[in-house]
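The next part holds the structures, each set out as structure tokens.
Look for chain A in each of the two complexes below; its partner is chain B in the first and chain C in the second.
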Partner chain A sequence: MASRSSIAELGNKLQSLPKPALYLILFLVASLPLIKPIPLPNSPDPASIDFYAHLMELPEGSKILICSDWTNSTRGESMGEMDALLRVLMRRKIKFAVYSIGDGQAPRVARETIARISREEGGGQPLYKPYEDYVVIGFFPNGEGQTAAVNTNVRAAFAGKTDISPTGQREVVQSPVFEGINSLADFKYLINVTASSTNTVILERIKKTNLMFAVSGVMVPENTVYYASGQLKGLLGGIKGVYDMETLMEYGVNNPGPHMVTSAAYGQIPGFPGKANTGKGTAYYPALHVCLSVLILAVITGNVGMFLSRKGR
Partner chain B sequence: MDYQLFKLTCGVVAILGLYTVLYRENKFYRFWEHVFLGLAAGYSMVFLWSETLKGGWWDKMVGTTAEHANGSGASMAYPFYAALLPIGLMGYTVFNKKYNWMSRVPIGIILGLYSGQQISAWQNRYVPNIVSSMKPVIPTTLEFTKPLTKGLSKEATAAINANLYPSQAITNIIFLVTLLSVLSYFLFSFDVKSKIIHRMSLNGRWLLMIGFGAIFGSTVMMRFTLLIDRMYFIWIEWFKQGILHR
Partner chain C sequence: MLPIFADLDPHTIWNAPSGSIELVIKCMVALLLGAAFVGICFAIPSQLRRFIIFTATFVSGGFYILFYYFPAPIARQPLDQPRNVLEGFSFWLTDAQPIIATISNTIGSFLIGLGIYSLMRVHLRKLMKKQKDWGYSLVLFVSMLLMVTFGYWDYFDRFGKDGAAMAAGPAGGAWHFQQYANDILFDGFFQQMEAGMFSMVAFYILSAAYRAFRARSIEATILLATALVVMLSVMGAVVYQWDEGIKALAHNDPGSFLNNFKLDVIAAWLKDAVQTPSIRGIDFGVGIGLLAMGLRLWLNLDKTGGAV
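Presenting the complex of A and B:
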């Protein structure tokens, strides 16, 4: 029978595993599912279904406004959301204008992401032409004032800002994207892809058009409240939101089949089978599960260690 | 090595350099930390001018010629914009003991503009929340769950949606109990003697803790996703697509 001191020693050891070893284990378990993908079943959240369905219900040629407030620091979640959003918009031929109020680097990051998705969707050639099909308006440091101005007079709010056109720098409000746009209400949606508090800045000030948010995982609890109250028409939350969008792009909604996604709120909404729908969501979601399992195991180990060390005293 | 692969390799070395701090503080980590800070500071200086001051202030103050007007025609100069410069510079007097009172002028303007928006902002953010919290709790039909509306006519769907089913009523009751319990927890202004309110307050504390736990769980998941993304960058974007498939 083990003595009390050896039990206490074991307990102490379990509580003081070397940190570098734990980090190494974490790096390994985060990497393995990326190298050897693990398929996971998915049941998209109603908020994600709403997000996808509203985009799919837009008539071809509609225009939307995107407030892109993420940079490379939250690439893990926000880039997947932006990728999925852009794929749907480009496949549906919906023109869009992008601006930022959260970070000065955000317009540059958005521009590169749009160019990459445009090339991927066009089979190596850009599917969407800058200035013709989309404009990147730029960064506005006073988010509160700018958002209020966008709600009041969208053309005046963006006047003077320029973007790259085939004939050099030109004013964004002269671009084809702004044809027929006289009020914010002419944009069917304002979609905020954000990893910062710009969601509340927009929520508090935008009244003339519908809102949909794509937020990072840590912001999901707060934004679920706004979705539940109907202030948001759709919501993508973290990597689960990305995986939901990729699932919906593959299978659509209420389309019979082995992976049918059901929703009582909508009729049949098509997906885009055969296209490159999977991306970061499909790759990261299994890895996240493995990491969380290791975390839970580590918590249990620490607690068992504490229990043993107390018992051995 | 082409430029794209060189760029990716620099990214990988920077990531590994920054992660070495997990082992211990070292010079390799410090080097990459300072590279990052230098890049961020330099970038900030450029975009402060190009994204903020030039278009929002300089061009308006000096006007633009047709040659530089980007398709919108020449614009007039408004010298009044020059008055914004001293107001902005007043902000820096905060570092001077004698003149720091002047910094209150720009701060006051900003506070005034912000405060002016707050009534409308509060209303826009919270009133729909409050309205949607007023949920019915008495069922209007005995059929327990709401039937599926898929494939039904608009009239039939509307008739189904008009009812409150017992399953929905239970959900609403749980919501209202949670709402009232949490609100009662914040009754700090007077001494609560009622046992019922005391119980509700205790219940509210537990529910708040469960909520905070859920928020913390979301935070942990986000941090893990950031790590997974870095591993994806190293193993897939750099090693698999950059090294192996080049």
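Presenting the complex of A and C:
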């Protein structure tokens, strides 16, 4: 039988694993799924199903407004959300306008993402034309005032702002995207893809149209409150939200099959089988699994160490 | 009401067609007037300066208070006319807000200039006097210069008449040296470093959780168990296996009590019954605090930060 001192010693050892070892383990386990993708079963969250279903319910030719407030610091999650959102919009021929209130770099990152997805969806050629099918309006440093202006008079809020068109620089409010847009209510949704606190700025000020958010993982608890109250019509949260969207794009909702996604709230909603639906969600979700597993194991190890240490005293 | 702060179309004193000479002249005049105003503010006594800042803050805050609390027109159509003075004021507030927002956006943009000025002042001094770590200041200046040069060079090309072809990327063949240079600097270096910085958080979280997340008390144990359930609930593979196990135990009966022990059901209960009310409570507290802070700033009761 082990003596009390040896139990305490083991406990102490378990409590003081060297930091470099922990870092190395995390690095290795996070890298492995990126090298060898692991298909994982998934049950999309109701909030993600709502997000997808509302996009799929939009009539073709509808217009939506996107507030893109992410940059590459959260590209693992936000870029995946943006990719999935853009794929659905382009497949449904929905025009969109993009603006930013969170970060000066965000419009450029959004512009590059749109161009990339447009090429991928168009089989190498851009499916969506700048200015004709989408406009990138730019960055507004005063997020609060600008968002209130967007709600008050969306044309006045964006008046004077220009974007690249086939004939040079032109005012965004003259673009085909703004045809028939006289009020924010003419945009079917305002979707905020964000990794910062712009979600609350929008939530507090936008009253004339429906809201949906695509947020980073750490922002999910805060935004679940607004989804639960019905203020948000749909919510994508972190890499799980991305994987949910990719699952939904592949299988749709309530479509019979081995991977059927069920929802009592909706009838049959088609997916886009055969198209390039997998992306960052499929690539990174396994990495999230193994990283969380390491985290849980580390916490358990530390606690076991603490108990052994106490027992051995 | 006066057309000031209202109606962008037709154009008023506050705007002009995009890219026009009129707009450039207005911008230059505004810049000169702004610089003169800042110069005057430096020259006048601090008491008077404080009064100017208080007045500007009070008027700006007052506008937004009126904008949010004064009854706004409902379902107003573009050709609607106010029927009395109060309605006229309400219409004016609504029309003026986007213009006020544009003005505050413009002022906000100048903060970037202020930041650059401050940064250059500190690092230029360090570089000139060759103080400790002056090499980092040199790197900062070189990086800033390169980014500004190639950023603007690329910007003017992209927003020129051939900009649409450039937006398609290098495959379109319209890229020149400045586009490639800007791409390497922004996407190749800057964005990757930003992503790298953020990814390091994972290592710190692991280390901190391992050392600090201990079941030392009843409260800590509850927190630990809850965190464990929530973490497991975002792991699809674990949820799937666990829930399949519960389904088998319940003999696939949807009315079975055992279904309450599915991982996604437990996680949903935690979110709906524990997390949501807690966050709502915190939000109310934060809201009241912000209201108090806003009032202090608006009424110039906040004396911290030294004399202005």
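Basically, the second predicted complex is superposed on the first by the 312 of 313 C-alpha atoms of A that agree within 3 Å, B and C clash if a C-alpha of one lies under 4 Å from a C-alpha of the other, contacts with A are read in each partner's own complex, and residues count from 1 in each chain.
Everything below uses one rule, namely that a residue touches a chain if its C-beta (ideal position, glycine included) is under 8 Å from a C-beta of that chain, and two chains touch if they have at least 3 such contacts.
Since we're looking at a predicted model, the values are computed, not measured.
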(message) Should chain B and chain C be called a clash or a fit once both complexes are overlaid on chain A?
(response) clash
(message) Let me test your reading of the model: by the given contact rule, A:230 touches which partner, first (chain B), second (chain C), both or neither?
(response) first
(message) After the superposition on A, what does A:34 contact: first (chain B), second (chain C), both or neither?
(response) first
(message) In the overlaid three-chain picture, which partner chain does A:251 touch, first (chain B) or second (chain C), both, or neither?
(response) neither
(request) Look at A:70 in the shared chain and tell me whether it touches chain B only, chain C only, both, or neither; answer first, second, both or neither. (result) neither
(message) Applying the document's definition of touch, where does A:243 land relative to chain B and chain C: first, second, both, or neither?
(response) second
(message) Between chain B and chain C, whom does A:128 touch in the aligned arrangement: first, second, both, or neither?
(response) neither
(request) For A:182, select first, second, both or neither according to whether it touches chain B, chain C, the two together, or no partner. (result) second
(request) Would you sort A:221 into first (chain B), second (chain C), both or neither based on which partner it touches? (result) both
(message) I'd like to know which partner A:119 touches here: chain B for first, chain C for second, both or neither.
(response) second
(message) Quick check on my understanding: which residues of chain A belong to both its chain B contact set and its chain C contact set?
(response) 19, 23, 26, 30, 73-76, 104-105, 141, 145, 148, 160, 162, 165, 167-169, 171, 217, 221, 225, 228, 238, 288, 291-292, 295
(message) Which residues of chain C touch chain A once you look at their complex with the stated criterion?
(response) 8-9, 15, 18-19, 64, 67, 78, 94-95, 97-102, 104-105, 107-109, 111-112, 158-161, 163-164, 167-169, 171, 186-187, 191-192, 194-195, 197-199, 202-203, 205-207, 209-211, 213-216, 224, 228, 231-232, 234-240, 243, 264, 271-272, 275-276, 279-280, 283
(message) So in the complex, the part of chain B that touches chain A is made up of which residues?
(response) 22-23, 43-44, 47-48, 51-52, 55-56, 59-60, 70-72, 113-114, 117, 120-122, 124-125, 128-129, 131-132, 148-151, 211, 214-215, 218-222, 224-232, 234-236
(message) Residue numbers of chain A touching chain C in their complex, please.
(response) 17, 19, 22-23, 26, 30, 40-43, 71-76, 104-105, 108-109, 111-112, 115, 119, 126, 130-131, 140-142, 145-146, 148-149, 152-153, 156-157, 159-160, 162, 164-169, 171, 182, 217, 221-222, 224-225, 228, 238, 240, 243, 285, 288-289, 291-296, 298-299, 301-303, 306
(message) If we count contacts the way the header does, which residues on chain A are in touch with chain B in the complex?
(response) 19-20, 23, 26-27, 30-31, 34-35, 73-77, 79, 104-105, 107, 138-139, 141, 144-145, 148, 160-162, 165, 167-171, 173-174, 200, 203-207, 216-221, 225-226, 228-231, 238-239, 254, 264-265, 267, 280, 283-284, 287-288, 291-292, 295
